[in-house]
Structures are given as C-alpha cells and as structure tokens.
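Following this line, the structures themselves.
The following pair of complexes shares a single chain, chain A, combined with chain B in the former and chain C in the latter.
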Partner chain A sequence: MKLRQLFTLDGVNLELESESKDDILKELIQLLDLEEKSEAILFKTLKRRENLGSTGIGKGIAIPHCRSLVVNELRLAYGRKPGGVDFNAIDGEPVYNFFLIVAPPLEVSNQYLPVLGKIAQFAKDPDIPGKLTEMEDPQDFLDLLEDRAP
Partner chain B sequence: MTAAADRARMDPQLMLLLELQDLRAQRKELAESEQAGQVESEHFHIDPTAAGQELDLKIAELEGELDPGVRARYERILPSRDRVVVPVINGVCYGCFVSIPTATAGDQESHTDVQGCEHCGSFIYILG
Partner chain C sequence: MDVPLLVGLLLGSIVGSTDAAAVFSILRGQGLRLKERIAATLEIESGSNDPMAVLLTLACVSILLGDVEPGWSLIAFFLQQALIGAAGGVAVGWVGVWVSNRVPLTAVGLYPALVLGTGLLAYGLPAYLGGSGFLSVYLAGLVMGNARVAFKRGILLAHDGGAWIAQIVMFIMLGLLATPSRLVDVAVEGMLVGSVLMFVARPVAVFVTLAPLRFSLRELAFLSWVGLKGAIPIILAMYPLVLGVPEGALLFNVVFFVVLLSALTQGWTIPPVAKWTGVWDPEGRPDPPVTLEINSVRHLDGDIVEYRVEPDAPAAGRRVRELALPESALIAMIAREGEIIPPRGSTRIRSDDYVFVVMKADVRPVVDRMFVPRPLTLSEPPKILELPMDARTRVGDLEDFYGIHLDPDPERTLGDLMSERLGDELEEGAEILAGEIRLAARSVVEGKVETVGVEILLEE
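Up next is the complex of A and B:
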C-alpha cells in the first residue's frame, strides 16, 4: 500500500501551535480523533518510546511511533510546526515536520514496520524538507506523498 | 466533577494495565522481530538490546505498582496469553472473539473499574 492511501486530510495540520515536545505529541495525537482516555494512554506510550531515544531523525523531521491497544487499525497523522521545536533530535536541530504512526499490538496486514521504514526513507530524501516547508494546505501534503512517497 | 473530567477519568489500575500492555507489545516486537530491531537501529539509532533492557526495567517497575489482586490475576493470565489486556470492539472480546454481556460492553463511558472477559479471563478495554 502506498503511503498516500494511509493519510487523510483530517490527519494533517500545517500549523501546529505547541512549543514543547510533550505538547507537540499531544497535538499530533488529537489529529487521530480518539476518545480522551485513549489519548492519555497513547501519550504515555509515545513518551516511553521517546525515552528510549528521540524519534527526531534529523533534518527537521521526527517520526514518533508506537504500538498501542487504543487503536484498532494503523493510524497516521502529519503535523508541521513552522517555527520548529526542540525535540532532542539526533542532529540537535529543531524539528519542523512530524509524522505520527500508531499501530495496534496485532495487525493482520502487518503494515506497521514497513510503513515506518517507508516514511523514514521518504523523509530522508534531500528534497523533501524543502517541499514540506513550501506546502500551503493539507492537500499539498497528500499530493506530495502521491508524487514522491513509496 | 465536570462531565468532561468524568469522561476522562479512568481507573488508575486499568491505566497501568494498558501501559503495561503497550510496553510489552514494544518489548515483544524488539525481541522477536528482526525487522523492528533493524528499523529502530538504522533510522533512529536505537540499540535494540539496550532498549529491551530498559523496557524490561520499566515493565517490572509498573508491575510493582499493581494492586495485589490485580497483579495476581495479571500473573495468572500472562503465561498463557500474548496479551493481558485486550480490546472489546462492537461488543466482541478480541482475546477470544466471544460477545461479552451488554452491561459490560456498555461501560465505555466510565472505565472506572478493572474488568475482565468472563470467557477468556483477559482484562478488557472497551474501544468501541
């Protein structure tokens, strides 16, 4: 399955407002439209994953990810923080682009790890950070995936 | 307490069980999936062995916070089941795929008690 098929317009926010790593995670989680209790659990699980090592892979991109019982299918969201935020990224630079990936503990289709790999591969394309900065509305993001993502 | 706060309220023991379940899922994946270790080390510079040890410590710490009754049941379920907590979706327990009583399935508004599936014994979390 192509990455484009896994994102929806509702799961894209080009104007994240938060100024801290925790609040960015919470804002991203809200894009998944879960019930409040599930949001709290998911936040804790994502934080635990971040404590193992930041998912900020450098060049202004982070890919917070985890498996959690609070979703019953693979869920993805994208957020952009125009001013950037300190996310303890590998290169120590601010992060502007966030790809959130959450999968249930068991998936019949087993897409989680391949999708995680595809997003990392997409994000590492040298042109992509610039293209992400230029986007003007959420549809531009979906179009970019359609054109450039595996 | 406001209606919104009440909706957000969850039994702390259920919260712990859900955290444990998610951590165990991460741990199992790191231990059993070569692909998981590869993705985490290649893209995120994580050492899968060290991460696994860290997760083990956190799991043990959280298990220590379970109430004795909940912990006893947790330890009874653990050896025989991959997942100690399972979702209930549309009234069906995803541990055993048997319908659970409507009164239990209808409790999704509160999640104020730790509940189990009467059929398979797994702890349950009502997802929808």
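Up next is the complex of A and C:
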C-alpha cells in the first residue's frame, strides 16, 4: 500500500504550536481524532516508547510510533513545527517534521513495520526536508506523497 | 524365426516395457543420483508403458485367437480399454481416499487392508466393464499415493512387504515355467531380438520422441541405453502361453532370453554409462541417515518436515534459539553424520545437518525460508531505518511495540538477551535477527551492551 493512501487531510497539521516534546506528541495525537480517554492512553504509550530511545531519526525528522488498542486499524498523521523543537533526536538537532504511526496490537495486513520503513525511506531523500518546508497547505503534503513516496 | 507378422508384433508388445525402478535401484546401490529431468523422464516412461504394454499384448493375443478383427473394432477395443480403465482407476482412487479419510477404523491394521481392497476393486471393476484393469489399478495407486491418506506410513510399509512377497512368488512362477535347456534353442533368435532392441529400436524411439525436448546428445544416449527389461515382459509372455497361442512357448523362451540378456549387459553397465554420459548429479544429496516417522490415523493439521541445511541457508551456523521460529514450529531432532542430536537452545545448526521440524501446516513457508539458501542480498537485507534503544528495555516491551517474537521471557532486557545469544561474539556491531527487525549492539562497555540499534529491514 502506498503511503499516500494512509494519510487524510484531517491528519495533517502544518502549524504545530507546542514548544515541548510532550506537547508536540499530544498535538499529533489530536490529529487522529480519538476519544479523550484514548488520547491519554496513547500519549502514555508513545511517551513510554520515547523513553526507551528517541524516535527522532535525525535531519529534523521524527517518527513517533507504537502499537495500541485505541485504534482498530493502522493510523498515520503528519505534523510540522516551523520553528523546530528539541526531541532528543539522535543527531541532537531540533525536529521540524513529525510522522505519527499507530497500529493495533494485532494487525492482519502486517503493514506497521513496512510503513515505518517507507516513511524513513521517503524522509531520507535529500530534497524532501526542503520540500516539506515549502508546503503551504495540507493538500501540498498529500501531493508530495503522491509524487515521491513509496 | 519364421513366424507371422502378428506374432512379431506380439513379441514387440511384450518386450517393450521397461523397468525404471530397477535402473534407480542399481544407481542407488552405487551412490549415484540422476539429474532430476532424466530421472523424471525415466519414471514417467516406466510408469506409463506398463499399462500400454499390457493393452498391446492383450490386443495382439485377442487378434491371434480370433476374438477381435483388426481394424475399427480393434481401435474401439483399444479406446474402450484405455478410457474405461483410466476413468475407473481415477474414480476408484478418489473414492478410496475419501473413504479412508472419512471412515474411522479402530484398528490401524485395517487401513492397509482397506487400501488393498481398493486396489482389487480398481482392477476388478473396470475389467468387468471392459476396461484395462492394469491401467486402472496403476492410476488408482497414483491418485491414492499422492493424496493425504490416513496412516499412510503404515499403508506403505504393509504394501512394501506385500510387493516383496508378490515378487518372490512371481520369480518362483517364472522359474517353474522356464526350462533352461530350451533357452539354448532360442539363443540365436534371442540374441538378434535383444541386440536390435538395444542398439536400434530403443535408440531410434528415444531420439524420435525426445528430439523436440532439447535433451543433449549424451542424455539421449543414456536414455537409449537404460531400456532395462524387468519382470513385466516375462509376466506378459505368460499370457500367450496360458491363453493358448500356438507360438506361445517359443515367445516365452525368446522373451526370457531377451530379459536375461538385458539384465546382463545393460544392468551392470548402467553406473559407468551414467558417469560417462554425465547424466548423474554430482551434487545429488545422499539420503538422510535417519528419518522421523509419524503415524497418524486421522488427518492432523501438522507435519514433520525434514530439511537438509544448505550452506547458505539463514539457519546455517546459527543457534536454535536464534532462529526465531514461529510459535507453532519446533525443532524435534537434528541428525549429523550418523548421530542424533537432541536440539537445545544453545545447539548450533551446521550446514549439511538434517533438521526435523514439527509444525502446523500454515507456518511451513516461513520455516522453509530458514533452511533454503537465499541470494546474498536477501540473506542480509539492507536496513532502512535504525532506532536507538536503551539496552535495559524489556524484551516484552520491544515485542509489544514491534509485534515481533523474540524470546519466551518478556522480563529479560535486550542487553541480557544479546549477551546470551551472542556469547563470546558480543562486540560493537554484532547482530541478531528477529524476523523483520535486527538488533545490533551499538555501544558495548566492559562486555555489556548499553545501546541497541533496532534495525528495520527493507522488505523483500
């Protein structure tokens, strides 16, 4: 499945406002449009994952991810923080682009790891960070995926 | 020999059938294995030409005895025999499979009896309806032998024993019917017939039929030579004798002579000819030193599969516990150079080991991949993403986050797991594979891993 098919316009926010890692995670979670209780559970799980090791993979990109019962299918969201935020990324640089991946614990199609890999592949392309910065509205993000993402 | 053309045709029909089983057993005795294509060709030939030889023999005998007129009625006779025989054999075979899997028999000894009964029925029913019983029983055997039948192992053993007894009885019968002193009388004729068969008839037939199939000249030469005659021609030669064809006794003696000649000349030269023509497979695998047998009376959703570990297979050189086998698969036994090794987690699997895996049928493809060599690029798939992780992370957490199966004990830490699995080989960069991800030791301080790289591998 192509990455483009896994994102929706509602799941894209080009103007994240938070200034801390925790708040960024919360803002990203809101893009999934879950119940309040589920949001809290998901935040805890993501936080737990981040504590084991940051998902900031460098070059201003982070891919927070986990498996959780609060979703019943693979869900993705994208957020952009124009000024960047400290995310304990492996290169120590601030992170501007966030890709959130949440999968149910038992996933029949087993898309989770491949999607994680595809996002990394997409984000590693040298001119993608520049293109992400230039986007003006959420549709631009979907178009970029359509054009360039595996 | 001064016989009518039709008797000549009858002789041809009788000695036409070849015995590939004998060829294979001679080669096996010498530790030789044929290339797969050659072996398959011979197998199909010998399987299909027996029923045909029976049909032709019966047809010739019927004409000689005046039962059938040559012409359309003969062709009709042929078609009737073949069609009813084939249809009957397949049908009875299917019914046999169905019955043996549906009817629960309390005594396992009844399964071979059931199959034997099916075989008799497969012969008798089409024969009664005017079809070829030989063709039918052969096809019924093919159908049943290739289906999943309850207690198959036991059935095969029982029938193997039966087949040996039948062969012994057959040879005693032959001995009773043959008179060695009369063989001398037909020596010249027998020599002639045998030589023409070996050096003219079979080579021509092989070259003409196999020419379009791109066999090499050497392969064709080998196939021409291995027209070994077995017991079938002698059995068939009894037909005219018993049914009262005037030249019956002469035919029987000639056939007996030809079979003896074939066994003496072709039989013992098969191994050198196989080597000389290069049709043997130098990398052919020897048979495993042991086999693990499972006798299931019912259908079970599971198999015991035997693998020979190829040198480039992912499993080669790894410890059992590093294999990340699916939960419904278990290594039951390892056989290595005539020794049986009870597998433990720390047992290292070597190439050329025979590994017996008990598994549910649905995980077979996953397990297959571990023992079959993969191209180099795939055996070490490139990583696409590496995420750093604290070595104190619990195995259970990593399993939860990534949906993989790593270790039965979720409370252990990744660091401990890597120390145990890698042992002395633990150093920076050392890796263990766990399904779709690979764990790499990233910073090792005083023999302990502090950070583990969780590598997400590129999909195939």
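One rule holds for everything that comes next: the second predicted complex is superposed on the first by the 150 of 150 C-alpha atoms of A that agree within 3 Å, B and C clash if a C-alpha of one lies under 4 Å from a C-alpha of the other, contacts with A are read in each partner's own complex, and residues count from 1 in each chain.
As a convention for this text, a contact is a pair of C-beta atoms (placed from the backbone, for glycine too) under 8 Å apart; a residue touches a chain by one contact, two chains touch by 3 or more.
These numbers were taken from a predicted model, which means no experiment stands behind them.
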Given the superposition on chain A, are chain B and chain C in a clash or a fit? clash
Between chain B (first) and chain C (second), which does A:G117 come into contact with in this model arrangement: first, second, both, or neither? both
On the A-aligned overlay, A:L31 touches which partner chain: chain B = first, chain C = second, or both, or neither? neither
Chosen between chain B and chain C, the partner touching more chain A residues is B
Can A:A149 be said to touch chain B (first), chain C (second), both, or neither? neither
By the touch definition at the top of the document, which applies to A:N72: first (chain B), second (chain C), both, or neither? first
Touching A:M135 in the superposition: chain B (first), chain C (second), both, neither? neither
Could you tell me if A:K44 is touching chain B, chain C, both of them or neither one (first, second, both, neither)? first
Is A:I90 contacted by the first partner chain B, the second partner chain C, both or neither? both
Common interface residues of chain A - those touching chain B in one complex and chain C in the other: 48-49, 52-55, 57, 63, 66-67, 90, 105-106, 113, 116-117, 120
Interface with chain B, chain A side, in the complex: residues 35-38, 40-41, 44-45, 48-49, 51-55, 57, 63, 66-70, 72, 90, 104-106, 113, 116-117, 120
In the complex, the residues of chain B that touch chain A are 4, 7-10, 15, 18-19, 21-23, 25-26, 29, 33, 35-36, 39, 42-46, 51, 54-55, 58, 82-83, 85-87, 89, 111, 125, 127-128
The residues of chain C that touch chain A in their complex are 384-390, 393, 397, 400-403, 436-437, 451, 454, 456-459
Touching residues (chain side chain A, partner chain C) in the complex: 48-49, 52-55, 57, 63, 65-67, 90, 103, 105-107, 110, 112-114, 116-117, 120-121
